[in-house]
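Chain lettering (A, B, C and D) follows the sequence in which the chains are written, and residue indices restart at 1 in each chain.
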Amino acid sequence: MINIALFGAGRIGSLHAANIAASRPRASLACVYDTNRALAEAVAARHNTRVASSIEAVFADPGIQAVMIASPTSTHVELITAAARAGKAILCEKPIDLDIERVERCKRDIAGTGVPVQIAFNRRYDQSHRAVREAVRAGDIGALELLVLTSRDPGLPSLEYIKGSGGLFRDMMIHDFDLARFILGDDPVVELFATGSIMVEPRFKEIGDVDTAMVIMKAASGALVHINNSRRAVYGYDQRVEAFGSKGMVQSDNLRASTLRRTDANSTDAREPLLNFFMERYRQAYLDELGEFIEVVAGKAQPTAGFEDGRCALILANAAIESLRSGRAIKINTG
Amino acid sequence: MINIALFGAGRIGSLHAANIAASRPRASLACVYDTNRALAEAVAARHNTRVASSIEAVFADPGIQAVMIASPTSTHVELITAAARAGKAILCEKPIDLDIERVERCKRDIAGTGVPVQIAFNRRYDQSHRAVREAVRAGDIGALELLVLTSRDPGLPSLEYIKGSGGLFRDMMIHDFDLARFILGDDPVVELFATGSIMVEPRFKEIGDVDTAMVIMKAASGALVHINNSRRAVYGYDQRVEAFGSKGMVQSDNLRASTLRRTDANSTDAREPLLNFFMERYRQAYLDELGEFIEVVAGKAQPTAGFEDGRCALILANAAIESLRSGRAIKINTG
Amino acid sequence: MINIALFGAGRIGSLHAANIAASRPRASLACVYDTNRALAEAVAARHNTRVASSIEAVFADPGIQAVMIASPTSTHVELITAAARAGKAILCEKPIDLDIERVERCKRDIAGTGVPVQIAFNRRYDQSHRAVREAVRAGDIGALELLVLTSRDPGLPSLEYIKGSGGLFRDMMIHDFDLARFILGDDPVVELFATGSIMVEPRFKEIGDVDTAMVIMKAASGALVHINNSRRAVYGYDQRVEAFGSKGMVQSDNLRASTLRRTDANSTDAREPLLNFFMERYRQAYLDELGEFIEVVAGKAQPTAGFEDGRCALILANAAIESLRSGRAIKINTG
Amino acid sequence: MINIALFGAGRIGSLHAANIAASRPRASLACVYDTNRALAEAVAARHNTRVASSIEAVFADPGIQAVMIASPTSTHVELITAAARAGKAILCEKPIDLDIERVERCKRDIAGTGVPVQIAFNRRYDQSHRAVREAVRAGDIGALELLVLTSRDPGLPSLEYIKGSGGLFRDMMIHDFDLARFILGDDPVVELFATGSIMVEPRFKEIGDVDTAMVIMKAASGALVHINNSRRAVYGYDQRVEAFGSKGMVQSDNLRASTLRRTDANSTDAREPLLNFFMERYRQAYLDELGEFIEVVAGKAQPTAGFEDGRCALILANAAIESLRSGRAIKINTG
């Protein structure tokens, strides 16, 4: 059994805590740490485990093999680095950091430790998106030529959250950048254009962020990628992928709680709204992500998304910000 | 060019008149006859043709090669017999007659005339239902085992119409009996059970008819067929076929005026109501039915639905009435 | 925490064991009993619980509040009766028994014990079928007029299983009879006609069973119900419900592992086969069924399906057998 | 009856000829002109009309009220100008010209003639795309925020055609630019970014064209528009529109010849390929476009797409070419 320490007992940390607890006997939740001790205690109590006294205590504990980092983004680099040095396997929430310089330094700092790092890009574990990736990799659509990602959140987070989020491209679209890279496989993005608007919440102007955005990317092969984002889809969490190629097309679609269709005098085959948000839509994906991590810690698998994927997604997000400002396509070199 | 005389200038006669007129130069509407002369004149004027002075004059006219019989059901047998004796090819609306004895006599009377008779079972010409038939015939689903026909009218006709219609089984479900036979191919129906209810219009009780019905039939092979009918579907004309077999399933579905899907906070992917009724849903089927008839008259094709099909569908309808009354499955022998 | 004893450690018993174990801390798997002790030990070990020494020991144990009966059908009545007398709440797999006389006697024997009995008609807990039921109950489709249930297993069980199963109507279609009753609500079935064929496995003839069947039922209101069953659908477990009424229609559809659609030069929007069988399709339903039972034991809920529902479904299954033999519609009186 | 002269007897001219002939008695095909006299004679013979002796003769004929211009693009401006001066109403195929200077001059030349000019942007007449436009205009989705147009041809035209076509943006995507403008209504495009690749046919490199492209546009309101094009979709002519707004989403989808769905052991609900190309997909749209033109000539309607729409679509196409070359977003001013 693998003992996992959890950093961060907020919304996403609580989700991971429950999943780790439910993964017994493959893994167990060894302890929980949060700077907000009350939060940590609540999560620990719910899963019958203990609160860690300090970060250092976690890393010094020889009974802990792995850490799940779900604390605020600004703490990720420091925790990754310390965990790697302590020889603890790492599953870290996205993004690694908002600052590419810090990410690059972290990359150098952990080089050679041999510790596996998995980045929690949950969409890679969704069975439908993953089926798109597998079909593309298997050559089912021939050469990939057009990739269209639709990704819309059900509603605005608090402006407070937005302020510290790094903006739409680093906070929200970073998932789509990663998913695009996942489906492109070894065909790197070489160019990116981004634009955006404030359509949902006028106060985004003060923050210097957008709530609605479109991106086009070009890969080395010439394949073109489109991503569109909105911070507010009234019908739920809209998550679709369409991959088009020389032999055809594969598409993944949204999930709903039931298959009910309603037909009346005004409309036919109406379905219910989509599952509301990532906790619902990617519920199984989070479990499968953890399942992979347990395999990774046991040395039986490589992470589907590693540190390098986190770094590259951030480079694309940063390029999008630059493109939005300059009105130019940005050359990408993730070398 | 084939010159076609039209008997009957009512709703369905008008439709056929327009289709014949539009089929130029392959065929032309030679004349129109209706006991209601004003109706005949209106249709003739619309298509720049003449009104026939009498039924006899039509059959005596050597310039007429074919007749379209769209007059009331009670006149069909007499017109078919006379047309066959006059050597005019026949396209006759369903049903041939409500009385199987008259149909059998008509069969004997026209035997040996060599005149082609096509019965206007429009659904056989629908591209989607026809695709089901072709897939079954091609063996795409292996041996046919279950056949489910859903057939619901958008709304009640007048009670006056219902009274003279022969009842739901001979007026409405006769189409489904024929469509089932079309898909079964050379596997004859050997047993039938029917039940029905009055759910839409209480006055059906006085008429001795039902407005809602279900049937099960068994074919010689053991294949089972289900048909369900309602006289009133608020969402439009519901026409679906599902054929299930040892290797899979094929289904034909409904048509709508557009592909629009609507998604809002309450529902997703809602489509518009179905095309309202047979004039809309089977618009192309009527054209293809006439196209086949023109080929039949020219000796280039055999009718997809002939006299024998009209006779067998009536036998099934009569058996349904008997089953409804007796509560028993009825053995069928169309021999 | 409610302590549940499990009778039967076969395929479905193992499923229930896992679900009970996962329901902690709401309920726990107190012990497992099976006449095949090795089976019981394997299941007990997997969930870190004990094997009961005897049936009597279970009923004598004051620490056990409830029993899950997943043993062979022939043992159900005896276990239900003993459990009721011992004051243990009961969740029993379907059918209660194959013999209606034994069921009636059991009903009398447990009358007055006040012990809740829940029958494991899993489909009532499926979110999609349940949504159909809720929509009908809420009046969303007006008066229910036509109900069509499609229910096809992915493949044949062993002939050995079939021989002891009570036949298609009592083993397989009993689920559909119950689901129809669930959706009909307080509108009882008053008439039933059944027919069947051997299309899949000729040896069903020796057993006196059918592998393909259709039923029509009429409810007191006049609403008509159709059920069709096949023991072998090559594309997976086909489970659909369509409820049609005066104001429209609601339908529940099948589930697949992903939403992937494939489009190539030969076909478009092709989806993967359906989830294979009841363990996959009704995975969540089994959890929700258990969740309800825990509420029932705690006195906070009434069973969605109780003893009376098990009895009525069997009456319908028996009527189907009689109808198949006689070729007549059978009057139903579940009084 | 409106007498229409046809310029151009090629593929699209033949289609228009047939539609005009079928529109009797509302309009008639007065004559046909083509520099290839044999082509003109063939089309004229098919519809029982005459060949015009010269362009001048057409414009001098007082019996002709309107012209359909379906000749090569390079002749459009001259014919429009002459027709306007001769007082003949104009229905002209897209694009008006490949050279914006010539279009601007034509605009000035015909100003003040009062002659109605309709540009044949066929997609505006498609019932499904039009339903998207109507839903947006009616406010059904609230404020329009994201618009996604998918537009893929089934296969490559000849390289010879491509060479004279003006390139993907002016020949193919011009339809999408117009459709986007149609849906945006009075919200003008203010910025455009384009990129493209050669994925289908390497010889496009010699021609200086692309066969695969993506565009993002921003409207004055901030609404963002994405268009993707491919010259080769193996599954047929892919034509979809998705409009997303503050209250929901509407989508138009593709058409197929039938509604058949196939299900077997490998896949479920597979549909047939899409209608192959514009002649099939927009068959009804061409008829409705002509129907509108007849109303326009009669003074009963304004063209849905006029000269100004043709001019603006070309401006967007030119901006796309400039963006592709420069890697910059281009500011649009159609003033």
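Convention: a residue touches a chain if its C-beta (ideal position, glycine included) is under 8 Å from a C-beta of that chain, and two chains touch if they have at least 3 such contacts.
None of these values were measured; they are calculated from a predicted model.
Student: Look at the interfaces A-D and C-D and say which one is made up of more C-beta pairs in contact.
Tutor: Looking at contacts between chains, A-D has the larger number.
Student: Specify the chain most distant from chain C by Cα centroid.
Tutor: D
Student: Rounded to a whole Å, what is the gap between the Cα centroids of chain A and chain D?
Tutor: For chain A versus chain D, the centre distance works out to 42 Å.
Student: Centroid from C-alpha atoms only, then distance chain C to chain D, rounded to Å. What do you get?
Tutor: 58
Student: Could you check chain D for residues that touch two or more other chains and list them?
Tutor: 234-235, 247-249, 254, 262-265, 272 - these are the residues of chain D that touch more than one other chain.
Student: Mind listing the chain C positions that touch chain B in their complex?
Tutor: 143, 145-146, 148, 150, 152, 191, 193, 195-200, 212-216, 218, 222-224, 226, 228, 230, 232-235, 244, 246-249, 327-329
Student: What part of chain A is in contact with chain C in the complex they form?
Tutor: So the residues of chain A in touch with chain C come to 22, 127-128, 130-132, 135, 140-141, 247-255, 257-265, 272.
Student: Quick check: in the complex, which residue numbers of chain C touch chain D?
Tutor: 234-236, 254, 256, 262-274
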